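Each of the next two complexes has subunit A plus one other chain: subunit B in the first, subunit C in the second.
Moving on, here comes the complex of A and B:
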């Protein structure tokens, strides 16, 4: 780089150059091939052998620089961080010709995100670069990005030529690096080679370790560190995993190595379904019905597992307990049993050991059936309470405190919350209303029953869908109380929607952008309702709110039993799909949840009152505050 | 559409067979509304503005004559609950309310302050209970006034919060409450000034502003803009049945602002030449929508479809914990309408005095808390009431 740019720019020796500077020339020669063969230039830039120790984040622009611009833009875009944003401002200063960027800022410098923006601006910066003695780091990245195509090769050469000055790694860089590493892994898998993985691991580890801006000398250390890096990193990872003792609840199941690791630790041996829909490969899908008998026989042999937890797990597996609230309460009650029977082993603290135990139970439950958001929040609460137990308490006191905490959680957040929700929702039901509900939400059922007790005159329309047919349960309970009901399937929802005055829906969770995550089919009903301008009211307890954001129903979901779709229970004559379950050309998709966008929702009724969907983050924030105080 | 569906006919049959007499003469709206409930809030507004309609005159005469009127009814219901104090409160409130420049909520709070002053309680709890009772009386006296309810709630909330925190002696606490109540009155006037100041940035030279109804806040905004020597003109709707638009145009012409009066139905016709719409609010609800004089929803719809911004000017004490799902989901506030000709008794008249504008048609809210987007209202309410 320097050889090229000397005539144009003054490189400030005090400032370190960031990225794209590798020592070894030879790398440049073999770089083009991997690039050419893959569509992951990011990967190949990392794949150089360990001796080039560049913590390179971004590949030099290749022949098709525009692609790399975009790729880098993608990598850069992945890291939306303040360092990059202020580097944005430093770049902005260039056209003015002023070097307002203070040395302090520059030294932290950046792989600028704005560098991903387009050549037009780059020209200005290039011009400015000539004039101003701008800190080289900023300069470097800018000029690199904005190099017109013809210069790309040369640029890559220079990259190899220049000294590998130690780059201060910013969060942006590290993240980009991780992206690169992940891509590298993918590339490596395709190539079938271990080496790139190692080197990528090394690069990753060096960068990850460089948390603070490092001095140039440490760069040399990095080289030494690089070699033991990968093995350490790998070992470290399994260490951490083992310590956590549970796969990340939203683990991606298309990552082979992780799946294998998870399986090794699994208690429930599930056989994976063979025939899976491509789009949903990141979700686990197992052959249903294979493990239940196996587990039942093992009931008395599984020492590490507490019988209450085991029982709950089996109930999940068989589908006896379903519905967010029911699952959560069952799990918490099982945990209460666990706490009651718990005794601290010697040389261990109650906090740590109990947390570890709970984690192992949780992983067992996940294997039986993936966690719902309500369960996840409850588990977080329990672990929080365990962690907050004062050390001074004796074991029995601690256990009693925990048990009462769990009891309080169930009472306050679920049972009393439901009464508050019912109280609010009932004010929205008027005489003459026709209320539509979908599936079997517990909160809505309570609302309807209470409204009936208050002698309000209304009709209920229960919409149901295969394969679970949960609406029939709700129907039974409503009819028993004398509420006049109509029952249809979801195919008819647009047919009957014109008579409906309000729609009441339940939710498994409400996410931060107001999206309602609930039983599959809810989004359909909400959409049709909004098309008919019928207000949609979602009844959901506040403990089910989550701060994550989901834009579609694909990235996180649960896959159910595909056989349930292929067979119609009780109708043997129309089982046309019998025997086709393992056909390679036919894949069954049985989704359990879907995400309803907030535009279709008129109001969310929670124990905090009636709020619009835009206020969910406020409640999540208040909730966390409450929890941290409590 | 529900009326055409099979279920409606079935329901109708059922209803007709089960209980015929009450339903027969009334229309389907009867179960939901009490046709006799003339909203006192809107009567006050009319009184403030000095628009005397023949209906109002008739009512006033009837009231003087000791005949049936809304006030009488409420008084009798009121007298059932704790005679002396409540009577005091209502009278006090009425007294304050008559002042044209004072907002309802402020009048309510001044009345409650009077309750504190006159109270013989010796502990905080007792005082709180008295206040709660007085505020309930006020609220039940006029269920249709949102700012009244909101103001009372705010004050009670403030009382409970402060009393919980301080363990100081009773008298100083009491005097602090009184002080706060007094301050609230100033807040109202100050709020209007703050709002006027915030909205100046949005009025540019040469713009045309459409105004609906006579809102004192909007008037303040326009006054300030005129004082700042901005050049703009105002289109104002007639605002039947109150005729408030005419009043507004009088006021504005006194300030030398070019005004044009429109029929309510001419809004869409003139919307092309309009740059922005300014309305006040009787209440701001939790969804971010507003409840305001009848016709606001219409104007907001037209403005939205023609991409004109709709700005709402409302003080923060108008934020209420209501959440209407549709137009009929609020407590009905009726107002007699005179058509100038005699209407036969069989003809039904839509007498509702207000409508609900959903938040998607509003652009911004100017409040004394700042310039807010409609979704912030719920945030504020959660923080206030949580």
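Moving on, here comes the complex of A and C:
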């Protein structure tokens, strides 16, 4: 979210002096990269020059251009366009003078809040935009003020370095630069000593820690935004901002000490599978089917757990709910229930306590099944919304606002997005097409059904694979609607690829290097299709995009039940491996996902339109911004 | 020889019903059948070789027609034909050499006499046959043989020569059949022993801590891996399960029984795992003359993935799997569709599969092919019982085993 220039401002001061310290600096930096202008104000406010001048100088001169860019990017999502552009354009109208004081911010937010409930999106997102960009700059300003102006040996060093430029830089600017450096150094020290989570010093940190194992990325971001007030470690802010850009490490299950820690907290007592594949030690693999009865009996003892969350968790565990969208919607609806039944305990604030609660629920859900990227994004959204709730709101108002926010997320990001995707994808289906799909992607199914409703004449090849055989369910549904289908196994995909004209695939997530992370086997299908010169179209809602990158399917994945492989459902004659499941020499690997390299993918159809995989990082950046600001 | 006829019919039936599986088993049965055909065949006094060839060809045509997809049958028939031609040729040259000693002056005639047993065949073919007997073709035979045959059309003569010659020939006829059966026995031996021959080379290709991916169940692959294991190499094997026949399960079971570190993966995980694999080893169903491979279904996917990740794709093939034909549209023409019941539960989908619905064609079709074709560009190496070869060298290897006139049967 913050631009990449921000860390450079600290690390490489000389460059900054030359490039940015001229009088017309904001404009000159803006020119080459108008798209990045959204993030630039924050960067410049942190940079020394921004501090030396008044914070008001954070000029959003490029906002218009970025608005048009957004308009273009989001032209597809008609619903999403107007709010975002609205929020960005209105932002300029607010005076930025209140930046240093947090009360000012709050009052502004509260002023905008009531209006948000009327039309919904626009004002809301604006308020969020404000508050997210404000604390960063406000904090650095404070930190500069706090720093003693005394000369250290570093300072003198700096002076020598900057001598040639002396006439160009003012004293205040130089000092600000040094302060920034020092702040960075202090932050680095703090970073080394403690975990970054602790340094944020928020109440939520303990709970965050509990949830850390699986999704530290979202948590960390949330904490950073969740503690907008002037905290003690202001210097850490820049460091944290830089951290935000980089993907966060996930829990690695080969790290024994952490696994033990995580286990102590765990509600679900999972037993580790014994016979495991060496290559996948870093991923959790548990004995399946053992925890369910145990958990069911625990139901009445776990009073902190909300029953709705508990139910969803059990459904994940047993596999009753699967598929990215279904899981995400189920979780969000559970959270809605949570919000509805929530009452703030005395001596606690709603924002922090609710965040803590959600975090603990999330860690429970993770124990049931690792989160998908889409769920991570949704959780991040919910936490953002909680954090941004104005303090002045009464509890019932806040709850209502949250519930409507979650509802809106479901409608807008998932349901509306799907309809937009269908609208786009249908234009790619022509009469006489032979379409191939793999597994049972919901978005593709909707596309096919809609195309059929439009009386397009096409045939569908459903490719399936063990052990889930989800394709059979899709096959059933398609045939019920009268679509002519051919069914086969993934092994035969190169046999049938000759007749295919287009391949439609679903995705669990699209990563910012264009890699499509999806049901295992998708990569095979895409590879064979590209070998046969058949275009591959991936349908994926934009809320599943993630800034993470991945090159292979091994570093991060999910392991399914290994016993599902040794036993072939419905084929009693295949029993070669019956007595061997505990043999030390024999392992079963049940991968759930794989990563399809972007060069196999012709096009990604999302709610922002149809884009090549190379455009994914652009959408991720723009979307994430909107996402966190909404 | 009614018994031979019934044997042939029985074997044809087996082939037709796909009772015999695996190219090695088929090849063995075929050779054994052909051996009994040859041994029971009453050889006429004249033209024994051509009579034998005709008999073998007749039986071979039946067998090939019974299961045209099982290329090993045709390969073995051609091999046997080749043996007959070769034995005949060597006998003829021996006879010529003997005659040369007797009567050196009659040289020109005797060179013609070499053509005995090759009725209706130009000397150019004889020369080709001579070339394919692994003897280096000498410049002299080339220069002498071809012009003469071009000018002097061959007349099929059997006993038109001297008294001593016919006496020789009667011994030749007896000897020919004997030699051919010897040769066929050798072929049987070779087919039976191809696993060991290939497995011997395992140690040269598998290094310590290697990760090997394989799919399908091939005895050759099993022996190959076990041979390396016996030589104290420790390595891991990923086995793709090979749905819908799950032969990977079978292979995994046997590998585990022999103490190899085995991991069973789903077929869909092949691409995900290939980046951590050092080598893909596959047992072929047949190897075509262009170096293309017909293997168990799913092989093409693995080969493409291996190519993408620059993982060597090694094909193990006994010499009976080398097919002298060039493939045309092999995915379809050299393939076989198995029962849909392996993929779908009929009980569940029976209403969609029948032809009674309106348009006359069912809404649902199920495709369940048996084989997959891998183009030669995706193959890194062939390991046969004669050693390792490039895909581009396959045509030459094949020329050693078959004579050119048997290619079309």
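We adopt the following convention: the second predicted complex is superposed on the first by the 379 of 630 C-alpha atoms of A that agree within 3 Å, B and C clash if a C-alpha of one lies under 4 Å from a C-alpha of the other, contacts with A are read in each partner's own complex, and residues count from 1 in each chain.
The criterion applied here is as follows: contacts are C-beta pairs under 8 Å (C-beta built on N, C-alpha and C of every residue); 3 or more make two chains touch, one makes a residue touch a chain.
Since this is a predicted model, take the numbers as computed values, not measurements.
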- prompt: subunit B versus subunit C on the shared subunit A, clash or fit?
  reply: fit
Message: If we overlay the two complexes on their shared chain A, which of subunit B and subunit C does A:552 touch? Say first, second, both or neither.
response: second
- request: Examine A:524 and indicate which partner it touches, taking first as subunit B and second as subunit C; both and neither are also allowed.
  value: second
Task: Please work out whether A:418 is in contact with subunit B alone, subunit C alone, both, or neither, and reply first, second, both or neither.
output: neither
Message: Just to be sure I read the superposition right, which of the two partners does A:591 touch: subunit B = first, subunit C = second, or both, or neither?
response: second
- prompt: Regarding the shared-chain residue A:405, is it in contact with subunit B (first), subunit C (second), both, or neither?
  reply: neither
- request: See if subunit A has more residues touched by subunit B or by subunit C, and give me that chain.
  value: C
Query: Given the touch rule stated above, what does A:577 touch, subunit B (first), subunit C (second), both, or neither?
result: second
- prompt: After lining up the shared chain so the two structures overlap, which partner does A:498 touch, if you call subunit B first and subunit C second: first, second, both or neither?
  reply: both
Query: How far apart, in whole Å, are the nearest Cα atoms of subunit B and subunit C in the superposition?
result: 8
Statement: subunit B and subunit C footprints on subunit A meet at residues 498
- request: Please name which positions on subunit A make contact with subunit C in the complex.
  value: 277, 279, 464-467, 472, 475-476, 479, 482-496, 498, 519-521, 523-524, 527-528, 531, 552-554, 557, 565-566, 568, 570-571, 574, 576-577, 580, 583, 585-591, 594-595
Query: Across the complex, what residues on subunit A touch subunit B?
result: 428, 430-432, 434, 459, 498-499, 501-502, 532, 535, 537, 602-603, 608-612, 614-615, 618-619, 622
Field: subunit C residues within the subunit A interface of the complex
entry: 238, 241-244, 246, 249-250, 252-253, 255-256, 259-273, 275-276, 297-298, 300-301, 304-305, 308, 331-332, 335, 342-345, 348-349, 352, 361, 363-369, 372
Statement: As the complex stands, subunit B meets subunit A at residues 1-2, 5-8, 11, 31-32, 286-288, 321, 323, 325-326, 329, 359, 375, 378-379, 382-383, 385-386
